[in-house]
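In the two complexes below, chain A is the common chain; its partner is chain B in one and chain C in the other.
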Partner chain A sequence: MAAVALSKPSTAKATRSGKWSPWLFALPALVVYVAFLVYPAVSSLWFSLTDWDGLSATYNFVGLDNYFKLPTDPVVLTAVRNNVIWTVVTIAVPTVIGLGLAIALNGKVHGKPILRLIFYTPAVLPLVSIASIWGWLYNPQYGAINSFLRLIGLDGLAQPWLGQDSTALWAVMVPAIWLRTGFPMLLYLAALQGIPNELYEAATVDGASRWQQFWHVTMPSLRPAHYIVLALSLIDSFKVFDMIYAMTYGGPGTATQVMGTWMYANVFQYYQAGYGTAIAVVITVVAVAVGIPYVRSQTREAS
Partner chain B sequence: MTSIAPVRVDAPVVPSEPEPVSQPPKGRKGLVITLVLLVAALFWISPLVLLVITAARPLSDFIGNGPLSWPDQFTWTNFKDAWGIGNFATTYRNSALLALMKVPLGVLISAMLGFALAKLRMKFRRTVMFTVFLGLTIPIYITIVPVFIMMRQAGATDSLFGLLGPYLAFGIPFEVLVLQSFFRQIPDEIFEAAKVDGAGDWRIFFTIVLPLSTPALVTVAILDAVATWNEFLFALILLNSDAHKTIPVGLLNFQGQFANNNTGLAAGILIAVVPILIAYTLLQRWIVGGLTAGATKG
Partner chain C sequence: MNSYTRRGFLGLTSAAALGAGLSACTGGGTSTSGGDSAPASNNLRVFTYEDDTTIGLLKAQIKKFDEQNGTTTTVDSLPGSGAAVYPDKLRTELLGGKGPDVWRIWGGQIGSPFAKAKQALDLTPYYSKYGWDSKINTAAIGGMTFDGVKSGVPYLALGIGAWYNKSLLAKAGLSAPPTSYAELEAMNDKLVAVGVTPCGLGGKYGWDIMRLFEYLLEHTAGPDLHDKLLAGDESWDRPEVVEAFTLFKKWQDKKWLPQGALGLDPADIEPGYVQGKVAYTITGPWTEAQAILSAKKSSSAFGTFELPTDQSPSRHSGFVEGYMINAKTGNADKAAALLDFIVQPATQKALQITASTVKGAEPDPKSLPLAAEWSQKYAGNPFYTIQDQAFPKKQADQYFSVQSDLLQGSMTPEAAAKKMQEIVSAWAKG
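Up next, the complex of A and B:
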């Protein structure tokens, strides 16, 4: 099991140092971590209770007003809906494609390393460059996608993919899928290679079909990999910002706003830093709550 | 930063691909699967292939013949134009400088914390661990308002140094998670022997732990460098002047300027991603091994 496996806890601590010596090792990283991650995250809680505009020297404490305002903001409702769609689609589709690719690559295939290299390539590119590449492919007039549709006679399907409400969100999710398929593929491929062949041999002897083998041997053996893929994809999906910012800036109108981009717009464009921070707090609380089981499993394993 | 998997790194070996002994050798069926996968791979990589072709043709050729045609002629001018107008000499230097400062420092302090968590008797170890790992779930945007204020007060906006702190902080959870789990596997006997010889914690850390952990350190450093090179949001809010921009922010500006010049835009995107593509191709065994080493354990 990937991150939760093979815990051989070393009971005897190697070194019996002074009480404070370990802290000398821990301190530099902890200071940086607290100063630039914990402290800002916590002080955002404070800003979310104010009416600060982001510029003035002063601001007022307004209690939970910003939070009460959230449900009445139509863009927040759009953003929440988009975040949910984003999470479901950009987890489910890459996981299924990644698993399929892994199973195919795990078979009797030539040129496995190169194929694996190709499928994982999008995952190492900067999100902004992926946004640029796809923005360019989606170009209504000179983009490759519409050109291809015209080439095969489907002129009617050619459309401004990023420029209309009905397709924009889906058009942004396609590159996200492109980018996020590589990781589950790698993980599943590695996990598949760890399944002992004897299991399949036994299943074959018992007369199990390929399909039955998949459901009764492969899938149960992949459970640890499923867990890791799901946990990390979930954690990742709440962070969505770069791609949408760089591709559509939340538009057209507010069609592709997610909580992260709407927060940014409120802080840096509408000068409602207090309100924007409240948006960020809400999504962060959800992200942390969802991530806690995974974090706990990592902490437990290590002890 | 980017999605990287905090899994256990044991050794950055290329996940070995043993041919299943019991299955029949590669036959016609293997060939069919290979062919299907090859077509899928071509389709998968086609955006990048198209990008290369477009970047290497004149704009008139692109507009005249359409984006999917084979170019009548090839040219380097797109790259020359994009390099100059996109300010890539500057953004390259900035991104490289930042990675050179950030990655070694981040790996070192994370390794120190990881060592303390894995091998030293530390009070509140579980609490520290939980708090640090929880950082994996925190989106960057929750911190941008306070970080922005902090940097403005410190006069560190529009400076690469202002990015250093936030970059380090957001890299720490993943690096510590991977490194401490690697350190944990080093047998305690080695430490005990060193102790008998009179070595202190620091000497043990620098002369035993770090050398023994080179594979994990390299993997973490590479993944961290990729994440640093690609980071966008902090750079977007903290850097204003062109002289200080990093590659992702520079590329975004460039994209706006070249909206109507498809071949120039393609060249610019390519310039921005080529180093990372080369690095990835050369170092992929470390990346793949690091991301998946744990999963092979079953």
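Up next, the complex of A and C:
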């Protein structure tokens, strides 16, 4: 008893310090998070309610005017449509190709490490380099794509790919798919390697075909990977800016504008920082709304 | 409507952050970077967009200035970005509180926002001190004067013309450049007939292919009307503008422009006349150093001509470039002294400026024969403001969008003229 009584104060002290120690460990990250994310986000929210030009020292509070202007801006409508097309295509295609490559590379394939490297390399190349390379490939007169089409007698298919509204957005999506396929491939490959062989052996014993094994063993086992791939790709796709900016600058005209590039144009080029920031807030809200299910699923798993 | 200052807001939010115990991360940067000038020192920073062919010359001259004045000047450059990107970077630096003491900028509507936002210093006292009014071309000073305030010192007044490849013209049986618009069209036809694309312009960013349309507008509208159109003093919805848009489409339809010109990057297509891919381009004297000499070609293989407008006076597109001083610099006197040093004829010559705004700094015919020839023949001609400096960026982009729709056939010349009137009148009224 005496021993217990003696140890009481030190236990309470330890409990108190134990209560704070997680916060102490989290503090450096929290400080960085508040300084570089929360504070700029709150500032942006405020500026979206003003008519600030982005350069002057003064501005006026205009309430929700900038948000009310959004639906009447024809470029915003184009940008939203382009964002939706971009999101659907650049998620669906790389995910399907990435899954296919992962399954192929998970089997008995010669030169697996080299193939993985080849498929993932585009993901680590600088985006501006990718944009320049593909810009040259698409050159209507001297580019490799049109030259190849002419070489095989398909002259009629040779197009000014980046120079017309009808093809420009699709032409930018091709390199985006090319560079984004490596990421789902790696995630799926890691997930595939975690599926126990016993499941396939049992399925084989039960007489399941390869196709049935894929749908009833592989796909359900990949569910967590699907979730990560889809959530991260969705956020990434909605934030698209760099590829469009570097390859078409939002053109021809405004044909390839997306919300990110239109926000940039307003904030940095048209001196309409208030309006541009309102666009940024909308992008953020949508991205956060999309990200919430992912974060919740992660939290649920952790707990 | 309540007015606020950005600094005030940042200060308030910083204070709130401080109150929350987060002063270490948010307080310092914002509370100390108020609207006051930076402390005086002997250090200057210059921000420019010189490329590899000229940055060395500028640094050498600035070193000379430093030696004479006991200063230490850093030069940062963002080469090759053009007017589409450089002002964004400058703006970001200024807002970040670490803006340069001196920056290079284009005149007209590109430099205007920096003056109107009072980020650029009013240089009127320095104009008096150094007598710049009497030394620098008056029209060029006008290009750096905003709402009556002299906010910049122009040192370049560049004219835009045609720069051509002599051997490709010879291939089409042409021995001399055209002297009328009809001759120019005939020249284009002859070039196409021998398989040569006449005019190398690219539509990415809009400003490059714009140089053709503004020339066509000068041809159809004439100097007086063209100037009034640019100022929003006359309606764009008129036959002269419709004719200019009709000709613009004709240039594409007759393959006088590269295939898919709208999607081409000017940086890729402009040097095409040097590489033998197109017969000529529409550009300024900087191309001699940037495209011809950097490709180790002889200037004698190329030529220049002013695009024939069939109008009197004969004019070409032009624009000014100069330097501004940061309104918040602590070294305004030293920065002004640097600008005065830069606009000295000897410095201008050492910098190999191809179209200086000061007399006695004409290009050297030995090192830049074509730029010298252009200067001698055409620099004395009046010029109209290049359209991407005549309009604010937003209106310029809307105008580029009209160009794009017209060339793709989704808009008629008549509709394009009407749309331009909407764009320009909305801006002029604003």
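Assume the second predicted complex is superposed on the first by the 266 of 303 C-alpha atoms of A that agree within 3 Å, B and C clash if a C-alpha of one lies under 4 Å from a C-alpha of the other, contacts with A are read in each partner's own complex, and residues count from 1 in each chain.
Here is the rule we use: a contact is a pair of C-beta atoms (placed from the backbone, for glycine too) under 8 Å apart; a residue touches a chain by one contact, two chains touch by 3 or more.
This structure is a prediction, so every number in the text was calculated from the model and none was measured.
Enquirer: Examine A:G107 and indicate which partner it touches, taking first as chain B and second as chain C; both and neither are also allowed.
Expert: Touch status of A:G107: first partner only.
Enquirer: Of the two partner chains, chain B (first) and chain C (second), which one does A:W170 touch, if any: first, second, both, or neither?
Expert: The answer is neither, since A:W170 touches no partner chain.
Enquirer: Let me test your reading of the model: by the given contact rule, A:F214 touches which partner, first (chain B), second (chain C), both or neither?
Expert: In the superposition, A:F214 touches no partner, neither chain B nor chain C.
Enquirer: Is it chain B or chain C that touches the larger share of residues in chain A?
Expert: Of the two chains, more chain A residues are contacted by B.
Enquirer: Which of the two partners, first being chain B and second being chain C, lies in contact with A:Y59: first, second, both, or neither?
Expert: second
Enquirer: For A:F68 in the superposed arrangement: first (chain B), second (chain C), both or neither?
Expert: A:F68 contacts neither chain B nor chain C.
Enquirer: Quick one: is A:W23 in contact with chain B, with chain C, with both, or with neither? Answer first, second, both or neither.
Expert: A:W23 sits against chain B, while chain C stays out of touch.
Enquirer: Touch check for A:W161: first (chain B), second (chain C), both, or neither?
Expert: A:W161: touches chain C, not chain B.
Enquirer: Figure out whether A:T254 sits in contact with chain B (first) or chain C (second), or with both, or with neither.
Expert: Only chain C is touched by A:T254; chain B is not.
Enquirer: On the A-aligned overlay, A:G135 touches which partner chain: chain B = first, chain C = second, or both, or neither?
Expert: Once the two structures are laid over each other on A, A:G135 reaches both partners.
Enquirer: Going by the contact definition given at the top, which residues of chain A touch chain B in one complex and chain C in the other?
Expert: Residues 32, 35, 39, 43, 54, 135-136, 139, 142, 268 of chain A touch both chain B and chain C.
Enquirer: Show me the residue ranges of chain C that touch chain A in the complex, using the header's touch definition.
Expert: Checking each residue of chain C against chain A gives 1-7, 9-10, 13, 17, 22, 24-26, 35, 84, 87-88, 91-92, 94-95, 113-114, 116-119, 197, 203-206, 258-265, 268, 277, 392-394, 397, 400-405, 408, 410.
Enquirer: Would you tell me which residues of chain A are touching chain B in their complex?
Expert: Residues of chain A touching chain B: 1-3, 5-6, 8-10, 12-17, 19, 21-23, 25-26, 28-30, 32-33, 35-41, 43-44, 47, 54, 101, 104-105, 107-129, 132-137, 139, 142-144, 147-148, 151, 178, 180, 183, 186-191, 193-195, 197, 200-201, 221, 224-225, 228, 232-233, 235-236, 238-239, 241-242, 245-246, 260, 263-264, 267-268, 273, 276-277, 280-281, 283-284, 287-288, 290-292, 294-296, 298-299, 301-303.
Enquirer: Can you name the residues of chain A that touch chain C in the complex?
Expert: 31-32, 34-35, 39, 42-43, 46, 50, 52-62, 135-136, 138-142, 159-165, 168, 248-249, 251-255, 265, 268-272
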